[in-house]
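Written below as structure tokens is the structure these notes are about.
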Amino acid sequence: MAKEVVLEKVARIEGLLNLAVVIREGRVAEARAEALEGTRLLERILLGRDYEEVPDLASRMCGVCQAIHRVTSVQALERALGVELPEQLELLRELVAIGGHLQSHILHLYFFVLPDFMGRSSVFELLPSHEPLIRRVLRLKRIANAITEIVGGRAVHPVTPVVGGFTSLPSRLKLERALALAKAFRDLVEEPVRLILSLEAPEFERRTAYVSLRGDGEIPLLKGPVAVSGRGEFQPHEYERHIRYVTESYSMARHYTLSDGSEYMVGALARLNNNYHNLSDGAREMAASFSVKFPSYSPFDNNRAQALELVHFAERAIEILDALLESPPGRARIGFEVHEGEGVAVTEAPRGLLIHHYRLDARGRVTLANIVTPTAQNYKNLEADAREFVTVLLKQGVEDLERKTEMLIRAYDPCVSCSARFFREH
Amino acid sequence: MERFVVITKEDFTVLLERLLGAYQVIAPVEREGRIFLSYVSDPAEVNMEYKGTTLLPPKRFFFPEVEVLFTYRVTGGRVELYDKLEEVRGAKRALLGVRPCDIKSLEILDKVLIGEYKDPYYAARRDGTLIVGLTCNEPDEYCFCAFTGSGPQASGGFDLLMTDLGDRYLVEIGSDKGERVVNLNLDLFKPASKDEVNEREEMLKRVEAEIRRQELPDLTKVYEAFAKNFDAELWLEYGRRCLACGKCNYVCPTCRCFDVYDEPSLDGSSGKRVRVWDSCHFLSFTRVAGGKVFRSERPSRVKQRIYHKYCYGVDEIGEIECVGCGRCIKVCPAGIDIREAAKRVVEL
Amino acid sequence: MRGNPYLPALAKIVKTRRETPDTATFRLEIEGSGGLEFTPGQFIEVSAFGYGEAPFSISSSPLERSYVEVTVRRVGNVTRALFNMGEGGVVGVRGPFGRGWPIEEMKGQNLLMIGGGIGIAPLRPLIEYVIAHRNSFGDVILLYGARTPKDIVYKEELERWREHIDVRLTVDVGDETWRGRTGVVTVLLDDVEVDPRETYSVQCGPPIMIYFVTRRLVEMGFTDDRILFSLERLMKCGMGFCGHCMIGGKYVCRDGPVFKYSEVKGLLEPALVR
Amino acid sequence: MEKPKVGIFSMSSCEGCLVQVLNLEDKILEMMRSVELVDCRLLGVKKSYDRLDIAIVEGAVMSDEEERELREIRERSKILVALGDCACHGGRFLFKDFKFDSVPVDLPRGLKSFRADPLDKYVKVDYYVYGCPIDGDDFLRLFKELLMGKEYRPAPFNVCAECVLKDNECLLDKGIPCLGPITRGGCGAVCPTSGRRCIGCRGLAEDANVDSLIEIFTKRGIEVPEYLWELKKQVGGGRRG
């Protein structure tokens, strides 16, 4: 007889997700990641809009990773219009992205994941026993917000990045402040990161393909070829030849696979599996002292990878700010002409590979929009992991199967609102 | 002591240094191509060469956009109040580079806020502030002070009044306080020659002539015309255009309406009473219990401001309350131009 | 005025009396002084700390020096806070502010008082004064209109006042217990016989009432300087600074709230709007 | 005294407004001391309760299930607060003239048509916190006032009023189609202050003069976007009050 275990509206993830696991004769027959979030039709809404409006709308895809959505949409439009930014403006863009990553990772690791390991259901329940830690984490969040605000104009849904650069630039004073903040972040984050690295996650491994941007001496967020572990690389504009989507009747999101139909994983773990040697010194030392090794095939290590990224990107922010103070950007926005064009940008959102793809007509109106979010790409992998993980758990006969499975979901840091944009025109 | 002295621009920098030692100095500064009044700490920040007016008027340094009147603490059944006035008192400030129209606006505010009742916050800030004016060499296209009797010559209300004569400033001494500043820095000033004083007169005449190129009526005498035309058609037209955004009120150097509210702390045990700038253009401005709004129609709100300037002011303090700075015209997105309105009313 | 006029004196609510479901009279004792010296028709600004400040007419007798009273209808933040606080609560008081009824001028004359709803509050000190100086005034008539019998305030006082002055009531909508007149307060004017040349009319109530009553009084032959009313506007300071209460060139808080019709009739902005 | 019970719920949204609430950092800890949070999926709080004193609902209603859930929340709650533009206006001001009903879509999970509805289409909403995202301090003020039994009132002015206080040069003067003149204030004019036009995320100001803005755009040679005409139709371009 088939039994269906449904984890309903999983808590402490962004958006509404059910995970249904069908167990037949003691074996897992099927796992379904059902995105429930109302579909937001964003790509449809973008059609016909002026390119200037796109970033504002695109950032509303998601309240957690809004910064990277904004930057990615702007970059895709720049590709379409043939705009190339001077290096300093690119650095500033990277800083916006980093601010977003730091914000998001802090939220995920300490508000969503940590309670699991402490046997609590929410961060508030941790308060009595861990008040200093929580206060420190809140402070880190505040610093990450402040950095984003300095460069982006607002901590959530930043406003300054636009096609051609920025609407306004932070003053020297503000950059100095951002530098001080980044340094403070780096210092303060040490202990919380150690805490995450020391947590004992369930033991589970499953090899899959890891897809992320690959960098030369860095962990790139905004540029670079896309690496598919074990299978080489492709260029951003070729994405349609390498990944493809399937629609599942049970989900409000598209689910993605590689061109051969196999699942893959994106996110912090994929980034580090593909770029481990590029971790900053501080992050690398920390990894070593906790004997965290990459590549790793445990999805639970995604959390460790995120923690290491907190250190890595704080150090990268310091580097960028030093460079910007050394030679500050001149103009905020460079001129360009509006014409017909098509552009793809592939970036790294906190949760992994993010693709924005637009086509513009001669007046700069959108005629095609396609957005591929990390969570949508991860669903198939999550389903595969869930099948195998639950099978293992069943074999072990564990009692808290549901809680453990939820932990697996949370390790992915899914962002359901981003992913639910499914629509098909008749 | 003579009424006029001169100071070279180089020595003025020295004077600035000294003033910075003795006062909190507020002066025009330029940032990203915009001029505004700000506290300064370095003479290099000060820009005395600007044209026209600043966007926000000097009133914000006497009547700030947000002011805590007092704080309170509630413990058990007891309430304690802490007056914020003490913090306002005693600050020694120097306001530099204000235009004659803005000097006049302070005189108007004095009449309104220091009368039968006295607004102590405003009064304390006025008391402690040295006013160093700066006449205009170059008005902008919005200036019409010559028609409101408030410029380009300042007839009083300043401690010192500077005029840019190229490589030096001619300085008029307007008060004992101003004279003391000069006396304390006698090494920097020398008496002005007749020629220099004449040069200023010529300059002011030129500026006045430039402003008078606009054809406007004498706005100090439009009371009757306004009184007659309260129900004129043109107010409907302005009302249709007005966005009720209140920018005109905020930038007007003589507008001083405010709202007051309490801002409690999270646990409610303490808090502060705050006053903030308000605008007669907001719908809520005349809303009373029961939801009635006395000036619910936009034309009546447009009229409130303009009538307050040219009519009610005369009833209230015996003179018009517009100083012709042109700020409200500059900032109005809908292009409502108070001088044009006045002109049309007079011509009705 | 001494010190900082924005800083309220502290006062304790020593007694509350429910008048109607949404109206109550609060007796305040001001720290140090107890009551206030004031003219009937003047108002005070009452603070509920954390909630704000609102103007209320002083409704107690001017002869009473140990406390002041205000009669308050619960409509918003400050008024609700006063109700919730109740006896023992500490509030702030500033004032008195404004110009009250011109009592000296009205002496020797008949008085026709008209109150609508809570608008009877500023008439109460006047009535108490008149009763205490009954011989200084001629005929005194009080016309009072409330929405329903339940909304009649000062029920005890009305009974006591009847012994000294002519009190007539009406309600907009009656109920089974109501034996008196129904209709808006203007209906009571139809039966009033006074000599407008020797009478001052004194009114307070909602704008619409003042509008219609004034029209009626003019028809009855009252001259504009014998029609007095207390106006309501939003006001934040009480001193003619905040600007909200301005009508034409006048500030209701400072130049009023009591005005003669003749004083506001010439204002550019109509003071009486429906 | 028993602490007021609070629930925080999400309909369909980007959850950015909740993130803004979390961004209140230390203040949220303080807030949580004065109330009992009994329900919040995002934070993993789920206690058993019957009645709520305050329900804070984010997001637009997009499915029957959400509609049902919303009605249930309303039944159980004394005060219901709509948090953010999606909850206040269905996110429509952001989507501008987009006509949801006209989109032919093939929706999964058996949904028949597409919708994005404001909460007050289905239930009574007591208070609105506007913005996409909301402003944290604005939310804090609402929260404080609710706890004190005060009536929360949104800012009575539009974005321009705050913009001029920031000493900004007006974007309209540069030919940029800013919606500040008709948009409810309270955000501190963040967008124009960063040199970006206001996109109207806080919804129409109480006394918005759409007609005049259209005229201003036209006069300055700014193309009047379709959604302004649409808005004009909805509010008659004129006075509301």
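In this document, chain identifiers A, B, C and D correspond to the written order of the chains, with residue numbering beginning at 1 in each.
Here is the rule we go by: a contact is a pair of C-beta atoms (placed from the backbone, for glycine too) under 8 Å apart; a residue touches a chain by one contact, two chains touch by 3 or more.
If you're wondering where the values come from, they're calculated on a predicted model, not measured in any experiment.
Asks: Steps needed, at minimum, to get from subunit B to subunit D via touching chains?
Replies: The least step count works out to 1.
Asks: Kindly list which chains stay connected to each other once subunit C is removed from the assembly in thought.
Replies: Excluding subunit C but keeping the rest fixed, the chains that touch end up as one piece.
Asks: State which chain is most central when centres are taken as means of Cα atoms.
Replies: D
Asks: C-D versus B-C: which has more C-beta pairs touching?
Replies: B-C
Asks: Measuring centre to centre with CA averages, how many angstrom lie between subunit C and subunit D?
Replies: Averaging C-alpha atoms per chain gives centres 41 Å apart.
Asks: Express in whole angstrom the distance between the two chain centres, defined as the mean CA positions of subunit A and subunit B.
Replies: Subunit A and subunit B have C-alpha centres separated by 51 Å.
Asks: Report the inter-chain centroid distance for subunit A and subunit C in whole angstrom, where each centroid is the mean of the CA atoms.
Replies: Measuring from centre to centre gives 65 Å for this pair.
Asks: Could you pull out the residues of subunit C that touch at least 2 other chains?
Replies: Within subunit C, residues 50-51, 76 contact more than one other chain.
Asks: What positions in subunit D touch 2 or more of the other chains?
Replies: Those would be 148.
Asks: Which residues of subunit B are in contact with two or more other chains?
Replies: Those would be 264, 268.
Asks: Looking at which chains touch, is this a line, ring, star, complete or other?
Replies: The chain contacts form none of line, ring, star or complete graph.
Asks: Which two-chain combinations qualify as touching?
Replies: Listed by label, chains in contact pair as A-D, B-C, B-D, C-D.
Asks: Could you list, by residue number, the parts of subunit B that touch subunit D in their complex?
Replies: So the residues of subunit B in touch with subunit D come to 34, 36, 55-56, 65, 240-247, 250-251, 264-268, 277, 279, 282-284, 293, 296-298, 331, 333-335.
Asks: If we count contacts the way the header does, which residues on subunit B are in touch with subunit C in the complex?
Replies: Those residues of subunit B that touch subunit C are 69-70, 72, 74, 77-79, 81, 83, 85, 112-113, 116-121, 226-227, 230, 256-262, 264, 268, 271, 273, 275, 278, 280, 285-290, 292, 294, 300, 303-304, 307-308, 311-312, 314-316.
Asks: In the complex of these two chains, what residues of subunit C are touching subunit D?
Replies: Result: residues 50-51, 76-77, 80-81, 84 of subunit C touch subunit D.
Asks: Can you list the residues on subunit A that touch subunit D in the complex?
Replies: For this pair, the touching residues of subunit A are 9, 11-12, 14-16, 34, 36-41, 44-45, 53, 56-57, 60-64, 66, 107, 111-112, 115, 121-124, 127, 134-135, 138-139, 141-142, 145, 153-157, 159-160, 162, 166-168, 247-252, 332, 417-418, 420, 422-426.
Asks: Touching residues of subunit D toward subunit A in the complex: what are they?
Replies: The touching residues are 10-20, 22-23, 25-26, 28-29, 32, 37, 40-46, 59-63, 65-66, 91, 94-95, 98, 100, 103-109, 114, 116, 132-133, 190-191, 193-196, 199.
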